[in-house]
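Just below is one structure, and these are the notes that go with it.
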Amino acid sequence: MTSFGLIPIFAVVLIIWYFLRTTKHAKRKMNTKWIYVFFATYVFILVIATVVVGILDKKTAAETPKQIPVDSFYSVDIALQAGDLSSIDSSQIIDKRTHRIGDMLTITSKAFDLVPNVYIERKDVNDGLIEETIFKPFLAINNYDFSEQMNYTKPKWENGKMTLVTPSFTEITYTSYQEAFLLDQFTGATRRNFGSHSSDTRQITVYLRVPKDLIVKTDDHVSVDYVTD
Amino acid sequence: MTAIEFNNVTKSYQSGAHSVLNHMNFSIQENVLTGVIGRNGVGKSTLMKLIAGHIKVSSGEVRVFSENPFNSLKVSANTILVDDTMSFSDKLTLQQILKEADRFYANWDARLAKRLFDFFSFHPFAHHQHLSKGKKNTFNAIIGLAAHCPLTIFDEPTTGMDTVVRKDFYRALLKDYIAHPRTILLSSHHLEEIEDLLEDILLVRDGTIPFHGPITDLQDMYVKLVGKEEKVRAHVVERSSFGSQVNGSFIEVLVKNTFTMDEQARLNEEGITIVPVPANDAYVALTSGSKGGIDDVFNSATTD
Amino acid sequence: MYLTVPRLTDIVKKQFRYKMNAYTGIFSSLLIMQLIGIFFGVNSYSSYEASESLRITDATSTGDTPVVLTLVWAFITGILVTTLAYRNDAFSFVSNRLSHHLSSFLLVLLASVVGGITAVLAGSIGKFIVYAQNSTITIESPGLLDSPFSFFIGIATSILYTILFAGLGYTIGSFVQRSKLVIPLIVIVLIALPALNLSVGGVFFIEKTIAFFGTETSFLIFLMKVVITVVVLFALSVAVTNKTEVRK
């Protein structure tokens, strides 16, 4: 794909080179007719490109991330803080697991960057079970939703110990094309400041329903929110 | 009918500076081939540009086809000025330039243009700015001829042309003029080259017109006395001579032709012949004026 | 030999055709400017932020550069057609000052319309390159099929601005032909006054002028503003150069 993209650039360089050559060697001046033929070809290419790009626009519009207000990303966290799991859309849930546990839960983190949030809700009973719900990470770049492209790794459970791990590396290229500023004057289109860039991100969120009297030990890197109702 | 009229025309390029044309008055009749003669820098080009409407008068009035030529579309459409400021886009080939000229000039003679173009062996795809000076002027001259404009002006058209081409051009001009009579102005500082061609002469000197009329009238203004030196000298002693040449014991002296019939008879008796002068000699005599010729510079130097 | 009686419209038509053939440099320079614009518009801005597990590369391409370079081209072209060389070329054939102005201006208008349209279309090439380089892309612009109305309004806007810049160049060029003293005056008005940040008429005037066109929200009023401005500029150009001597 990348090598394919080089072709137009190569063509542009070639055309510029050709022009510089013809203007330097004045003897080989381009004849009037040829300049117009050349120019007409250029216009033709532009029109074709416009139509093709118009079709591509329509096609990619379905595939490209949707624009979503940033607040909606945080609605999950707001609901979780209130312990209101039921109001969260099930599409946000990655996994639901149940783990047996003794008297104590240790939470450690091997992730130093984008550490998952952990919410803990105490159940009314001591049934020796932890119900774990994992919610999707999110990533918004300039208000576009790139959450689907975020890599994540579920926490590891081992003998009453939950380890938060660094997810595999995510690389996202945000490519955008902005119409010329001048042309927006009467279309009512707004445009972000040229060159400005904003992103919001959060890793997975883990919601744990734990037995009533479970002792929870955490290390310094982990922040735990206790849900109380 | 009068083609060109100058009424008290003065032209100076910077206000207050010395004027190039100085209260000039003359008129040129239609369908006359007039030579505009004068030394370099006397205002021939200025005069012609005024007629073509390229520049405007400082004072006075120019009329071409009874219109002020400056900004007149009528004058522009019926006039062509061929000079070295004629320029064409570097994007056009010579062939294309001829085609454009064809569109602009109603009387354009495409056949003549083509034949002259081929005769002077131009390449149709050559570009104007790549031509040598002589070639450029030849090409401009072709346009001037083929345009068949009712008023055709050539300002020093032969600069840079070689002798053969010059002769061919003048011949072409004459033939085309006879076939299509029109008002033609032709300037040159080489009168001897064009004197056979011209009907009238418009002499320009220091922004004024010391002579305007048929070329024969100019020639009649002067004669050459040829005879034994002491006899000739006796006759010209109270006349101003405009140049003399000693050949052994004979001398030729150029003087104003103011001899009466009696005087002419006496000169004949004394063996002095009265010889008509070429227009060029008359022109030189008229324009060198009382300052004398270059010989006088050396003569006075030896007597000092 | 009979005298031809030329009609102004006829001569203007002929000169227009002549200039279309003779001033092809206008179109080739437009082509070059837009290609450069496309070239620099693609990935004109990119930044990235990185952490241990995430890297975001933000590559923004824009249709700004072809449009801006087209405006620059229009301004320069406007000046160029008023210069001595172009004028002497014109006066080698039948012409007077008015017909020269009319045909030159028509040519500049035509070129501006072509320039204005192609400036917008040139964005498509940039867009296409962006598409070809990347699989996921966000388009922050109206497309032809997406919102045809916005697309054509965009083109109209582009044409009008191009004409405005060309007209400005043409007028400045005409004034410079009249007197070279205009050059320092322009430099003072355009550069020195804003740089000195003086609150004299100059700065005020420039800001007002930009706001006059740039903040207009009604397309029809904008259209009228541009048309009136260009007509006034043209009339000024004709007036100041009507006594110019040619082929001196």
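Going by the order they are written in, the chains are A, B and C; count residues from 1 in each one.
As a convention for this text, contacts are C-beta pairs under 8 Å (C-beta built on N, C-alpha and C of every residue); 3 or more make two chains touch, one makes a residue touch a chain.
As the structure is a computational prediction, the values presented were derived from the model and not from experiment.
With centres taken as mean CA coordinates, the chain nearest to the overall protein centre is C.
Of the two chain pairs shown, A-B and A-C, the one joined by more C-beta contacts is A-C. As a whole-number value, the distance joining the C-alpha centres of chain B and chain C reads 48 Å. Distance between chain A and chain B, defined via averaged C-alpha coordinates, is recorded as 86 Å.
Put simply, the C-alpha centre of chain A and that of chain C have 40 angstrom between them.
Among all residues of chain A, those that touch two or more other chains are 32, 35.
Among the residues of chain B, those touching two or more other chains are numbered 91-92, 96. Multi-chain contact residues of chain C (touching two or more other chains) are listed as 21-22, 24. On the chain C side of its complex with chain B, the touching residues are 1-6, 8, 11, 14, 17-18, 21-25, 85, 88-89, 91-99, 242-243, 245-248. Taken together, the chain A residues at the contact with chain B in this complex read 26-27, 29, 31-32, 35. Residues 90-93, 96, 125, 127, 130 of chain B are the ones that touch chain A when the two sit in their complex. The touching residues of chain A, counted against chain C in their complex, run 1-2, 4-5, 7-9, 12-13, 15-16, 19, 30, 32, 35-36, 38-39, 42-43, 45-47, 49-58, 60-61, 63-65, 111-114, 139, 141-142, 144, 150-151, 166-187, 189, 191-192, 194-195, 197, 199, 201, 203.
Note for the complex: chain B touches chain C at residues 31, 49, 53-56, 65, 71-74, 76-78, 81, 83, 85-89, 91-92, 96, 100-101, 103-107, 148, 150, 180-182.
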